[in-house]
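Each in structure tokens, the structures are laid out below.
Shared between the two complexes below is chain A, which has chain B as its partner in the first and chain C in the second.
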Partner chain A sequence: MNSWWFACRKLIGGIPLLFGVTLISFTLMVYFGPDLTYELLGKNPTATAIAEVRHSLGYDQPFWHRYLMYVQQLITLDFGLSMVKDQPVTELLQGAIPVSIQLLLPGFIIGNILAILLAMKAVQNRGKWPDKTIMTFSVIGMSVSFLVIIIGCQLIFSSSYGLDLFPVRGWQVHDKNEQFSWLAYLNYVTVPTIALVLISLGYNTRFYRAVLADEVNKDHINTARAFGHSDQKIYYQLLLKNTMVPIITRTLFSIPMVIISGSLLLESYFGIPGVGLITYEAIIAGDQPVLKAIVGLTAVLFVLVLIGAEILYRLFDPRMGATQK
Partner chain B sequence: MINEPAHSRLNLSLWQQSRQHFMKDRWGILGLLIVVLYLLVVIGVWFGLWGTEWSAISDDFNQGPSLQHWFGTNAIGQDIAERGIYATQVAFEVGVVVTVFAIFLGLLIGALAGFFNDTWIDGVLLWLMGVIDAIPFYLLVAAVAFAMQGHAWAMHLAMIAVFWTTTARLIRAEVIKLKQLAFVEAATAIGFNPVHLLFRHIIPNTNHLIIIQATIVFISAIKTEVILSFLGLGIKEGISWGLMIAEATNDIQAGYFNNFLAASLLLFILVIGFNLFSDAIQDALDPKLQKNHEKK
Partner chain C sequence: MADTKYLLYLSLLVLLLSGCQEQQNTPEKNTADTEKVYRHSIDGKPTSLDPIKASSVYSNLLVVNIFDTLYSYQYLARPFQLKPNLATTMPQISDDGLTYTISIKKGVKFHPHPAFKDGVGREIVAADFIYSIKRSFDPKNRASGAWLWQNKIIGLDDWKQAGADYDKDVEGLKSLDDHTIQISLLQPYPQLIYSLAMGFAAITPREVVESLGAEFGSKPIGSGPFILDQFNSEAAYLLRNPDFRQEPLDLTAEGYSAARHEGYGLEALADRSPPFLDRLEVHFINESSSRWQSFTKGSEIHYTTVPKDKQNTVLLRKDPIELHPKITSEYHHSYGMEAGFVYHGFNMADPVFGYHPDAAQNNKNKALRCAIRSAHDWQQKNRAFYFGLGTIFPGIIPPAVPEYDADLSTASIEKDLMAAKKMLADNGWQTQNLPEFEYHVTGSVLQKQFFEQMRGFLNQVGYPNQKIKYHPYPSFGNFNQAIKNREAPFFFLGWTLDYPDAENTLQLFYGPNQTPGSNNFNYQNPAFDALFEQSSTMLPSAQRTALYRQMNQMVIDDCVVISGLSRKKIHLWHKNIITFPDREIVGGFHLRFVDVQ
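This part shows the complex of A and B:
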């Protein structure tokens, strides 16, 4: 069985899941969603005007027909105009996605690498004080609400009650000539990054420690130790490579969650015009075209990530593909 | 096994062993004490002993902590301690409702999927879990709130709809494992009714997982309620820690931190208490760890 066939089969296997997520988002957001007829009409509409708008929104069509219309919107990426901003939804998202990536990427990478390093330190000193200290702090980190971390970071680093080093809110990363400026970027991205790292560090460290501790008891590690390999080689080459599968899963799976959940709070609190802020504003205003686009697209993205993960596993562990029927 | 003396150390039942293990865990006991303390606070609110004045407005705006107002007052002169205490009860209500329904749903669906694995029932149920897990949580809540047009229970429903899947997956895996054990095979061989077998003999063997999952769901529900209420998707009438933090964002800019600190501290202490408790019972109920314990 070659890799291409494997990838193709995985993609076909993802179709029921894609069907499910689009069906649920359609049912919740469009079918049971609020009736938009009167939002689009002026005062005192005539009966024909009402019928026309209802027809253009597809309200006179049966369930499956409307579902197919929604799928068509997802495939062509054409969701019409936002109700609040009078701008095509696709255009809104095109502007917002790069901002969210720029905002979240550093924190995401630092958060994961730092967590792996801390977990490694904890596993190397299992049961001793570094392990206990690291794990105590990760429980404390897990217990502080995201909200409190974000507000606290802003208070400490950005406000006049704290260090007052960085701007309180906003995202002016371009200089006067519309050029991307690294200095301005650092200025705006630092505090959200610190917050993001603090949010994820507790959970990640605990997870990675559990994974590493499981692997460190295995025979191949004992053998390597008996052969007299250095700690450096045992932990960072042998151990890390063998735990790559759960680590990849964790990282990939958290991507869609980080994009939406992480950015929702961070961006709405720091006033950064990314996907999260758009989502937040759409939730508050009940902007259905934007919400159905975001819900549908992220769900589809997640399924694609899922399929991507299975293909990646095979690269790291050829046994995985072979054992499956 | 039932007739053996329960007092000899080696013949303790699994539950008794777990309790012994738990009692030795100092952090777990601390967590339990914190949870019990909060529970007493909640019961007091139910009986109207305290937290009754949470909405009363007075002339003392933005006061610092004093004997009369333990955590000070907010911008319209409400006592922050009273509000925090009342919000504790709101948080517990959300936690209990979500936990009970999510665990029940997860247990039922997980057990069915596991019992009928290799049939289409398992396939459909697994598909359903995959679909729900694929939609980012806050968006699903927004979608449910949207579909229910801002109904007061939209948040609870959305959390239940999301939180059952983890429990269901765990129970499913456990039931598949149990199905292959000799006692189930024997019961099938002597012609037990499968429904009876599932509910009387297999599900009771997943109790330890249910207890662990319940504590985890409870923590998630309380933490999530705070964030959703802050975003305007959660509690709308009354007060919750999330709403207090939302109020506090304005106070903070004016330099008043009482509201923010009170709500965050109450939340933090409860969550860390519950986390410690949850970790301790996970250790105590984990059969793998217990074996290691005995070997020593």
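This part shows the complex of A and C:
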């Protein structure tokens, strides 16, 4: 009940944040975003045609009127039609967001778990060859461009020049009866997942190693050692639990990016119709209804994640709950 | 011990990831073994599939397969030849060229949709065509094809002014009966028939458009050979229209010539009614490496144009074009020139490079433009950016149209540094007084490379580096806005022909079309305008061609444009596919004739 009350208070406290984010992003869109008018004009436009297009796009409405319309859309979750694709924005996102989640979730989970395990291994062997090896590969992973990794993975695992094991492009994860097929899903998600794990592993491992290394010298760990606890208990129960706050922060705050932003490069190169590509195209074209929806939903998700994170902080570190009183 | 455990965990993970290898290359969903599926690829993305918004080649490619147009182009004939599509014959044109009477085929039905009675597509009637043209003039629709019929059809512009009420008649658009259309013009418009083969003129059902509203652009319902099944940011999936009219393919009438088309298996299509596919997939792939890997994999896309970065792999020789034996043994290929061209243009409304009220300065500016043109090296541009495959031609009538003059002097496309320097010196231009040269483009790495090359050309005639500025825009919309607002003194653009008639490029220089119209150069030449007006009502003839060529020469003499180069595309497709691809002007009409062996 205490947590519910805490969540409600945080939710109410998030409202000004939402207004702030939407107002700033909307101002940027209106005054600095691409003007769609000149993308949509025919080949021999007149001044009247330009005015008509501007009117149909709502560009001739006062700023505050447009902003209030945006807030209304955000509350009703009805963002109208994409200005470019003639498709309801909600329909567009309903189709794309699950695809992005399916695409990125395995890589996100595997990347984080693997990084924690490697970081733990490095911390257990600080200064020794396993630590050095892991850190060297982390730096290499961080140094290689995502694009190079994607093209490399495609070449190695998918193309006829390489192992030719997986599809180069596509996302046909449903069977003949329109049912989700795990086999087909694995077929399409494996190479993007490998690419995602490779690119995130370096950053994550270094981060988690730093967090764990900082904790491993604390008094309570030394005390546990003095008590004669096993390495497994020390590292995977005591150490891990005490480093959960920064770990939760890093993982939870990545979730809105996974859900909403997707991964433009993965989706482009693997031909996956996710939300990253839709966002990119909307930014380039100045498709404001789509951008408004994505910015608004990202802000809402961040508020929710913020609340979720704080509840989890209190779970792992009761002192944080105490400071809230 | 702990090390071994972690290694085991890692191995399990790898095993899990690789477990799916066994079902690699699984056929796509819904694809029975007997289904004929063809996967086409294009290098850009369509936006709306509403015909009135089909302004890009990518949208048009899909629109002409989902909808019907009255006319289309013969599949194989080059130069491009029109043929009846939904119309029964070519139009009957009155002697004064003002009235077109067109009869349409009977029994042609729209695709099924709940907006129709019992959900079954109803028959297309003449009123559907009239409704479809009116839609381009409805201000609510953001249509981009109205320019084709603006001030051309009697009463159509007035209909728009009067509030665009679809229940009100337009004098120049009549249905004489359910299957006969009559179009009345304000003045002869020989290009009208070409406009009726464009996606903009595709026929849409009123009840479906009204039930879907603007969503019609993402859920299009037409009467074409394919029905849209799915459409997302990566691909469009279309199914065969089982009710498409039976029209056996007459290869001879479509322009088949053994010399050009033998060896592709097209003969097997003779006397069969298209479409031949059960499923057509059009994949939108910008990334050339991904497209190439998908194509060469063998089990994914069946067709691609050769990406620029793969031309070294594919080409053995450029002139004449010869492909590497490994490519020709594995794939069919063809190549063709684009129906369009790229060019640099000056904004003549800019007093620094263009027209100046002072006659002496005006002449000086013209000399400066001509010197810049002489400094420009098309051959080098062709080698650097088009792999030496482009066709360089003088003026603004490209080789793709019948009015092209192969004997025209090439002086305007030849690099002549001596002449450029002399022109500058003779007209008092020195390093100190040369104006700042701004190069306006949509920002990209490629465009920056174009700029660097242009800067190099200008350096050679004494233009100092600090006076040459790169002016990129974040999107084409912003760039276009700058041009329409006359803020770009010099720009680099491409033009894709809408129809095979040089009028389509000459109108870019017609005075009344000045910005925000299509005359981005703001070129004003009364003599040119008079010739344009005279030729605009003429049917194709030697006399009209002579007028076109006179206009072309005027633009060359005035150094308004540095033009031009028509790019060449190499098409590759798998050997089990029967097709002869060409998206120039014919758009996507060829896709209905694709078959899978």
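Convention: the second predicted complex is superposed on the first by the 279 of 325 C-alpha atoms of A that agree within 3 Å, B and C clash if a C-alpha of one lies under 4 Å from a C-alpha of the other, contacts with A are read in each partner's own complex, and residues count from 1 in each chain.
Going forward, contacts are C-beta pairs under 8 Å (C-beta built on N, C-alpha and C of every residue); 3 or more make two chains touch, one makes a residue touch a chain.
Please read these numbers as outputs of a predicted model, since none were measured by experiment.
**Student:** Under the stated touch criterion, which partner chain does A:Ala309 make contact with: chain B (first), chain C (second), both, or neither?
**Tutor:** In the superposition, A:Ala309 contacts neither chain B nor chain C.
**Student:** So, A:Tyr161: does it touch chain B (first), chain C (second), both, or neither?
**Tutor:** A:Tyr161 sits against chain B and chain C alike.
**Student:** Could you say whether A:Gly286 touches chain B, chain C, both of them, or neither, answering first, second, both or neither?
**Tutor:** So A:Gly286 meets both chain B and chain C here.
**Student:** Just checking: does A:Met29 make contact with chain B only, chain C only, both, or neither of them? Give me first, second, both or neither.
**Tutor:** Once the two structures are laid over each other on A, A:Met29 reaches chain B alone.
**Student:** Considering only touches as defined above, state whether A:Leu17 meets chain B (first), chain C (second), both or neither.
**Tutor:** The answer is first: A:Leu17 touches chain B but not chain C.
**Student:** State whether A:Ser268 touches chain B only (first), chain C only (second), both chains, or neither.
**Tutor:** It touches chain B and chain C both.
**Student:** With the two structures laid over each other on chain A, which partner does A:Ile151 touch: chain B (first), chain C (second), both, or neither?
**Tutor:** Touch partners of A:Ile151: chain B and chain C.
**Student:** Determine, for the superposed model, which of the two partners chain B and chain C contacts more residues of chain A.
**Tutor:** C
**Student:** Give one of first, second, both or neither to describe whether A:Leu183 is in contact with chain B, with chain C, with both, or with none.
**Tutor:** The second partner, chain C, only.
**Student:** By the touch definition above, which chain A residues appear in both interfaces, chain B in one complex and chain C in the other?
**Tutor:** 34, 151, 155, 159, 161, 268, 284, 286
**Student:** Per the contact definition, I'd like the list of chain C residues that touch chain A in the complex.
**Tutor:** For chain C paired with chain A, touching residues are 2, 6, 9, 13, 17-21, 23-26, 28-30, 45, 47-50, 53, 55, 139-147, 150, 214-218, 232-235, 283, 285-287, 289-290, 293-294, 296-301, 474-478, 480-481, 484, 498, 507, 513, 516-518.
**Student:** Spell out the residues on chain A that touch chain C in their complex, using ranges where they run on.
**Tutor:** Spelled out, the residues of chain A in touch with chain C are 34-47, 49-50, 52-53, 55-57, 81, 84-88, 95-96, 110, 114, 117, 121, 151, 154-155, 158-161, 164-172, 174-176, 178, 181, 183-184, 186-187, 190, 193-194, 231-232, 267-273, 277-278, 281, 284-286.
**Student:** Which chain A residues qualify as touching chain B in the complex?
**Tutor:** Touch list, chain A to chain B: 16-17, 20-21, 23-25, 27-29, 32-34, 139-140, 142-148, 151-152, 155, 159, 161, 256-257, 259-261, 264-265, 268, 279-280, 283-284, 286, 288, 291, 294-295, 298-299, 302-303, 306.
**Student:** Give every residue of chain B touching chain A within the complex, in rising order.
**Tutor:** Touching chain A: residues 127-128, 130-132, 134-140, 142-149, 223, 226-227, 230-233, 242, 245, 248-249, 252-253, 255, 260, 264, 267-268, 271-272, 275-276, 279 of chain B.
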